[in-house]
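Should a chain be cited, it is by its letter among A, B, C, D, E and F, assigned in written order, with residues numbered from 1 in that chain.
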Amino acid sequence: MRLAVFVSDLRSTVDTLERLKAEKLGIVLVGNGVYHASLKENGKSSPLLDKPASFYVLSEDLETRGISASEVDSRVKVVNYGDVVDLIFNEYEKLAWL
Amino acid sequence: MRLAVFVSDLRSTVDTLERLKAEKLGIVLVGNGVYHASLKENGKSSPLLDKPASFYVLSEDLETRGISASEVDSRVKVVNYGDVVDLIFNEYEKLAWL
Amino acid sequence: MGVLSIGVFSSLIGSMNLDFALKLADAALQKGHKVNLWLSGNATSLVKKDQKHLKDYSTGEKPLKALLEKGVEVCTCEACTLARGIQKTDAIEGVQWNAMHWYLAKIHESDRVLHIGGE
Amino acid sequence: MGVLSIGVFSSLIGSMNLDFALKLADAALQKGHKVNLWLSGNATSLVKKDQKHLKDYSTGEKPLKALLEKGVEVCTCEACTLARGIQKTDAIEGVQWNAMHWYLAKIHESDRVLHIGGE
Amino acid sequence: MADTKLAFVVQRPPYKSENPKLAITHAIAYQTVEILLEEGETVTPTLCFIGDGVLACIKDQKAMDTYGITSTETHLKNALLVDLDVFVCKEDLERFGITEDKIVNADDMGADKRIQVVPYETIQAEMEAAKHVLFF
Amino acid sequence: MADTKLAFVVQRPPYKSENPKLAITHAIAYQTVEILLEEGETVTPTLCFIGDGVLACIKDQKAMDTYGITSTETHLKNALLVDLDVFVCKEDLERFGITEDKIVNADDMGADKRIQVVPYETIQAEMEAAKHVLFF
C-alpha cells in the first residue's frame, strides 16, 4: 500500500511506526512532529529520519515554533497545507495519524 | 524535601522523575500509571519500581482496568482515595503530578 | 477532484490538531476537492457558538463557519456533544448532529480519509 | 486539619484526571480537610451545566454540585471558559469565575497543592 | 463499491483517552450505517488492538463500579455481539504475559464471535486489504 | 508567612498542550494576587523550563502569523516584563544544541530581566526552596 503517516509529536507513546509496512511510505511531520525535521539531540538527528521513507514537514508548524527552513534536515521537504493536500490525493492512498 | 510524585501514564514523554531528588520520595500510581504496579513486559517488572522510593497504587484505578490486587508487585502498597489523602497530609509535603 | 473525510477527536484548544484539521479542510477546498468533517470526543467542543475570540486561545467558530459557507459538510457526534452539556440550540448553525454511522457513510464515499484520533 | 488546593487542566471526558480530582476532593473533605478546586484550560468544560448523563461518558455535574454543597470552593478560569463559548449563564451555579490570581491566592493559604497539569 | 472495508487500529491503552472506546463505538455503528447508504452498499470495519492497545482487552474491568462509566470491556462485548471481527496482536499479548483466559469474551451474552488472537502479520494484512485505515 | 514561594516547572514542549502557556500566564498572575491577600502577603513564582519544555524558549515563534494565536514567546516576554525569574536548564539546551542567541528575550520591550540559563542543580534548589511545586 501507499501510506502517508502523520507524525504530530516529538515523543511518541506508540511504536506502531516501527512495524508498519508499506510499499511506499511517506512521513508528514506536523504539529510537534516538526521537531524531528530539525532538532538534534546530542548532535544526532532524529532516528525517525533513518527510516526508508519520503519525509515532509509543514512550514506553518515550523514557523510557529521558531524554526527556520534552513535548519531542516536535507532529507526532509518543506511543504505547505496545499502541498499536503496534493500528497494526500496524488502520492498516497491511505493515511494514518499516529 | 518530602515529595509525593503522581504517575498517571504507562508511557511517559517526560524524564523529570529520573532526575528529581528528594530526601523522602513517594510514587503514587494512579490512572494508567497503575499498570506499572502489575504489568510485566518480557517478564520484567516496570523499571520504575527499581527507584529508591515508597510505592502506592490506587485500588479504584486497578479495578477499573481489570487488575486484581493479587497481581500487584510486592513493593507496591494498594491504597484507596482516603489513604491518598492521608499520604498527602501526613507523609509528604510537596506534590508533583508529572 | 476527490472526496476527503477528516475525523477528529482532539479538543478545540490545546493540542492544535483541530486547527490543523480546519486549515487542511480549507486547503483541500481551494484545490477543488469535496470535504467532510466529523467531530467526536473532545472535538465536539468546536461546535459551541459564541466562543470569545481571545488572542491567547485557538478559536474554531470563525473558520468553521467559513468552511460551512464553502460547502463543507460538518457533523458532530450527538452523544459526545450532549455529554458535554452542549445542546443543539447552543451550537453553530449549519453543523449536522448525528450518530457515528454518519462518519462511516461519509467514509464509504470518500477517496481519502484522515482520522485524527490521537490526543 | 489542613487545606488542600487542587488545580486541573484536563478535559471533562477522556483522560479521567478530572474524575480523579473530584474523587480526591471528596475523600479529603471526608477526612475533615478544606478543599479548593481550580479549573483552567480544558478542565473549564466541567462547569457547563446540563451535561447529559450518558453511561458511556464521565460526568462532572453531579459530583461537582455535591462538592459545592459540602463547601468546596470551586473557581473556573474566566478567560479559558469564555474562549470555549461557555458563558456564566451556562454554568453550574455556585462556581466562582475569576482570573488566575484566584488560584495563587488559594495556594498561598494551602498546606498542600496538587497541580494536575499533564494532559 | 458494494462494501467498504476499514481497518480500525487501537494502539493506546484505555481510560487515558477516549480513543479505544470511540474506536469500538464507531465500529459498532456499521450496523446502522445502511440507513444512510444506497441499497446493497455496506461498510465493514475490523477492530484491531496492537501495542498498549491490547490492554483494553483485559477482562473484569470495573469502571462502572469505580467511576460510574461503561467499561471498555462492555463496549468490546457489544462489538462481539454485533459480529464484528476483533483481532488482538499475539506478540503484544505475549510481551505483557497476558494469557487468553484473561481476555474479554461475550460467551455469557450468547455471542458467536470471540476476540481472535492473531500474529501482527494478520493485522498488517487487514490494513492492506482495507480501503482506509483509522488509528486510535 | 509573608511570602509564598512557588516553583513552576515546565517539562513539555509548547503547542501540543496548553501546559507551557498556562504555566506562564498563571505565573504572571502573581502581579495582581495582592488584591486577594492580606496587606504584606505575597506569592512569588519562579518559572523553570526543563526537558522538552526548553523548546518553549526558542525565539521567533510565528504563532500569530500562522494560527492567529499569541505565541509562547510573547507570553515569555510578558513574564520578563513583570520581573519574574525565568530559568532554563543548561544541560537540556546543550543536549538540543540550542545556543543562547536563539533564546527569547524582551530587550526590545525594555525588560530588565532575561531568561537565565542555569544548571539543573539550580532548578532542583528552586523546588526545594519553594513551598509548593507545580509541574506543567
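A few comments on the model shown:
The definition used in the following text is that a contact is a pair of C-beta atoms (placed from the backbone, for glycine too) under 8 Å apart; a residue touches a chain by one contact, two chains touch by 3 or more.
Model, not experiment: these values are computed from the prediction.
Shared contact partners of chain A and chain B comprise E, F.
Copies chain C and chain D of the same chain sequence form an interface built mainly from equivalent positions, shared numbers / all numbers used being over half. Counting C-beta pairs in contact across D-E and across B-D shows that the higher total falls to B-D.
Centre-to-centre, using mean CA coordinates, chain D is 24 Å away from chain F.
Averaged C-alpha coordinates give centres for chain A and chain F that are 29 Å from one another.
Our note on geometry: chain A versus chain D, Cα centroid distance of 38 Å, whole angstroms.
Among the residues of chain B, those in touch with two or more other chains are 8-11, 13, 31, 60, 95, 97-98. In chain F, the residues touching two or more other chains are 12, 15-18, 25, 52, 67, 132, 135.
In chain C, the residues that touch at least two other chains are 13-16, 41-42, 56-57, 59, 112-113, 115, 117-119. Working note: touching chain pairs come out as A-B, A-C, A-E, A-F, B-D, B-E, B-F, C-D, C-E, C-F, D-E, D-F.
Chain B contributes residues 9-11, 13 to its touches with chain A in the complex. Listing the residues of chain A that touch chain C in their complex gives 6, 8-9, 30-31, 60-61, 80-82, 84-86, 88-89, 93, 95, 97-98.
Chain A makes touch with chain F in their complex at residues 8-11, 31-32, 35, 39-43, 60-61, 63-68. Those residues of chain C whose C-beta lies close enough to touch chain E in the complex are 7, 9, 40-42, 99-105, 107-108, 110, 112-113, 115, 117-119.
Residues 9, 11-12, 50-52, 120, 124, 127-128, 130-133, 135 of chain E are the ones that touch chain A when the two sit in their complex.
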